[in-house]
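The structure under discussion is supplied below as structure tokens; questions concerning it will follow.
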């Protein structure tokens, strides 16, 4: 298993509850890493929203993977990439997994809905995938990604009003099709659905949850129930919105930065987050390069 | 002139000081528009940093323009795109301008340095372009962009330690080469350099400034000096960083969102900023479409 | 209507049979233009195959449009772009049409199958779209593309074994949903299916055909039947394959170019097809630019 | 060393003259592989021309690498990628090398000219890089690419009228800066320049040549002189042009394919070159997937 896939697997399998912090671009990923998080959730909603788009596959899969690559290159911690439905059928999933393996970000998560996807929190009818068709997507994804992509199957059954029992049955199927772990989604504001699922699921594959609607429930509740991973899917994005909004309003009104400078990061912080020092140091090595042999014998051609 | 190029020209030429709010992605652009700003600065530093990269042409020009297109598609206000040096020679500038005209974002700004660029606030030697070579980039850009791209020439002479007199001379040259307006940059913390430039420049082409290091100076000072546009180049990016940072730190520490939810935008706000309602409304029209003639006569094929 | 959309509409509506020559990249497009063709078919199969991919939506829609843009920029004649199924639902079609309108290539063609597509000549079960769902894709496409994209609806019913009567009924529906013209596909080696369709269709919207399997039928047969456009969908691609294959085999065997040089285009031809002379001429203007006023008064800064 | 980098190194170092066949897209790459060639030259001129562009860095570096990735994914043989000047300074080279290593195509070649490049066969003044600056690009490229990218330094000195002696001195320098091998270019129609270079160069790093202008010289001449690799840089592209041109002219004139079908590849050949059978076979496995445990106990959810 490549380094990051291995480390993501580790986060899922070690005892206790771990967290993946949502990132919507390379910058938010780097900030999450600096804050101490051991893993990232590369949010489909987040990538879409940062680009002004709906969480409805308005970004093409190659646009998503280009952003995933830049994000992965900026951090050392592994990321679980939200691949929505896998962008089509089993063959589209294979193409995605090949590139994901190459990027080496850590893992990928595909959900049991149909392309183009609708965000889980949007009202209205949404179709759940036929299990055998979705199973083919998982199997194909695993066969291509192998040990280089930790594969998570996301079950949307409860979000779409199906029973806990069906959810458990589906997740069992997904596990047999090749999923390394399960992400079980709920849009209830209470933790009961998740807890009931955990009770029925027992000690099978590791489970991740996304406490968006039930974010105020103490994490210990889920840790006690045996959940391995909690995903803070979009909080970072929402914090960015608030930060930008407040600055924009104040600056628009007062027409100068007096009193605002101290509330926002300095330019130096931007340079640090993007690694400027590394570039400045590299310039001293590479801007003009003289191999030792040459510089000593004066053979550098002019 | 296309709509947005015309509106950007208008912001530059109407009496009084106007502001362009920096945006680093489509989301921050949309927030700036909602806050009331009449125009945007599409920041090269911002696009780079959001993608975890240095402001050193680490994003390719096609990656930049892809992001510019998504940004422009999300707002109605015009944007002035920071094109760094134009990504090479006059011919690279022509390719960029053709796409910029097609996107219809408003305007483009190129600076009198060499590819690959170094950010103006990074210490160390930076080379200024030969005026005639840079003049060719401007002329070529104008010949391709025409009335569809408002062309701004950015002069870095004062940033690199040259005199105000040389700056004025260079800007006069750039104007004759086809620039519609001048962006004169300074990294002084006092407004004096800019004010001296304005005194010598007089009533020639319109002038934009970037109050990053001298952001605390009241805007009226520049308005009185005849400056047309002030650019808040990277404040939005820096506000996003702070917003994300604070959330990450708190969430990492307390392991649940209790007490944090109210400090960040709700999911509904994300949906609003990306226009979810438009998509939901469109579904009712297009998900299944029955032309009038057919629905009345029952001719819809099953 | 933009220039190329207007000219494509013209090709469809003027009396007599016209031809669209298939192109799989900008180079083949330019060669077709030079040979005299008045319009192009930008082949989905061709774009895929040139990139080593199956005609199964292995290229993302943004990768397709990037190639379409480069192709359109290299020729003056209009092109009809094979958009497969439109890459998803009505909303994906809207995104595609917005970019297609901006590129200004001429027109777009979507077919009544489901994403991801299967090539028409591949054996095995393929699903036809529900007419009302496909109608929504057409209506949405027309509402976005408007007069800037000539919209062609491609009906695959006969390819999938449906009757001519159903095909006529479907095409009538598509016309009412906003299609400017119809592409009716057949994989018969005889022209009979097409001719029967034309007989039943009559003088409704203009019709295009793709004589791949029935390519040996004299064009006059279709002209007499009232067909407006015949599309040489993939012949250029297949000619390229043969050209490359023969050269590779000979060169591999004989290990030098003796006797082979004269069978292939010279380097000068490559330069002509890509417009090198324009660049060389531009260099004399732009490499160093001196505005008239300056060069006369000696004010060019050194 | 990854598989393809290792195999490319092998081609360079084993006794005797080997050939790299030029490819301009994934299709031409696959055809070259089928013809028996053991390695590819991924031509910058070819990629540009196929996209209708001049060999003047009109494609961005990310557009180049996207095409390289698709090409590499379609063949098993290694490829040496023509990276022009490296697309900027040492830092741009580092970004390129990181992606090239990830793609695993085999090797990369950078030349001692300046960005944006001018094709070697275009007349007019072209600037040669300062050796120490170019040395920095090589060193940085090697430090990032390591054993995953076989690094070739291309010397354009003789093309730009410099002496063989300077060429030898430069190449020696490049070797010390980290180049694994040397590509020495000449646009003479006689082999003398190359032969003189080889005589002076002796048994240092392996040498590749590009017999474009001197393509009629028997390969044995170069083999005897100790050249390791001869690159057929653009012959495949030129063969494609001729193939397409002839088909277009005939088809335009006679308006049907009678007599032309047999001169071009069949559709089945297109399908074979793109691996359609693999996709059809995969469908039988993945279209609907039933894990063994489930299918036997009837637990497949409906």
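Which chain is which? They are A, B, C and D, in the order written, and residues in each are numbered from 1.
To be clear about the criterion, contacts are C-beta pairs under 8 Å (C-beta built on N, C-alpha and C of every residue); 3 or more make two chains touch, one makes a residue touch a chain.
If you're wondering where the values come from, they're calculated on a predicted model, not measured in any experiment.
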Third chains touching both chain B and chain A: C, D
Higher-contact pair (C-beta pairs counted), A-C versus A-D: A-D
Rounded Å distance between chain C and chain D, as computed from the means of their C-alpha atoms: 28
Where chain A and chain D are represented by their mean Cα positions, the distance between them in whole Å: 35
Residues of chain A whose C-beta touches two or more other chains: 56, 63, 73, 89, 91, 279
Partner chain D, residues of chain B touching it in the complex: 56-58, 60-63, 88-89, 91-92, 95, 115-116
Complex contact set, residues of chain D against chain C: 19, 21, 25-32, 34-37, 45, 48-56, 63, 66-67, 70-71, 73-74, 119, 121-124, 211-212, 215-219, 232, 234-249, 251-252, 255-258, 260-261, 263-267, 269-271, 273-276, 279-280, 283
Of all residues in chain A, those that touch chain D in their complex: 73, 89-91, 94, 98, 102-104, 130-133, 135-140, 166, 169-170, 172-173, 176-177, 279, 282, 285-291, 293-294, 299-302
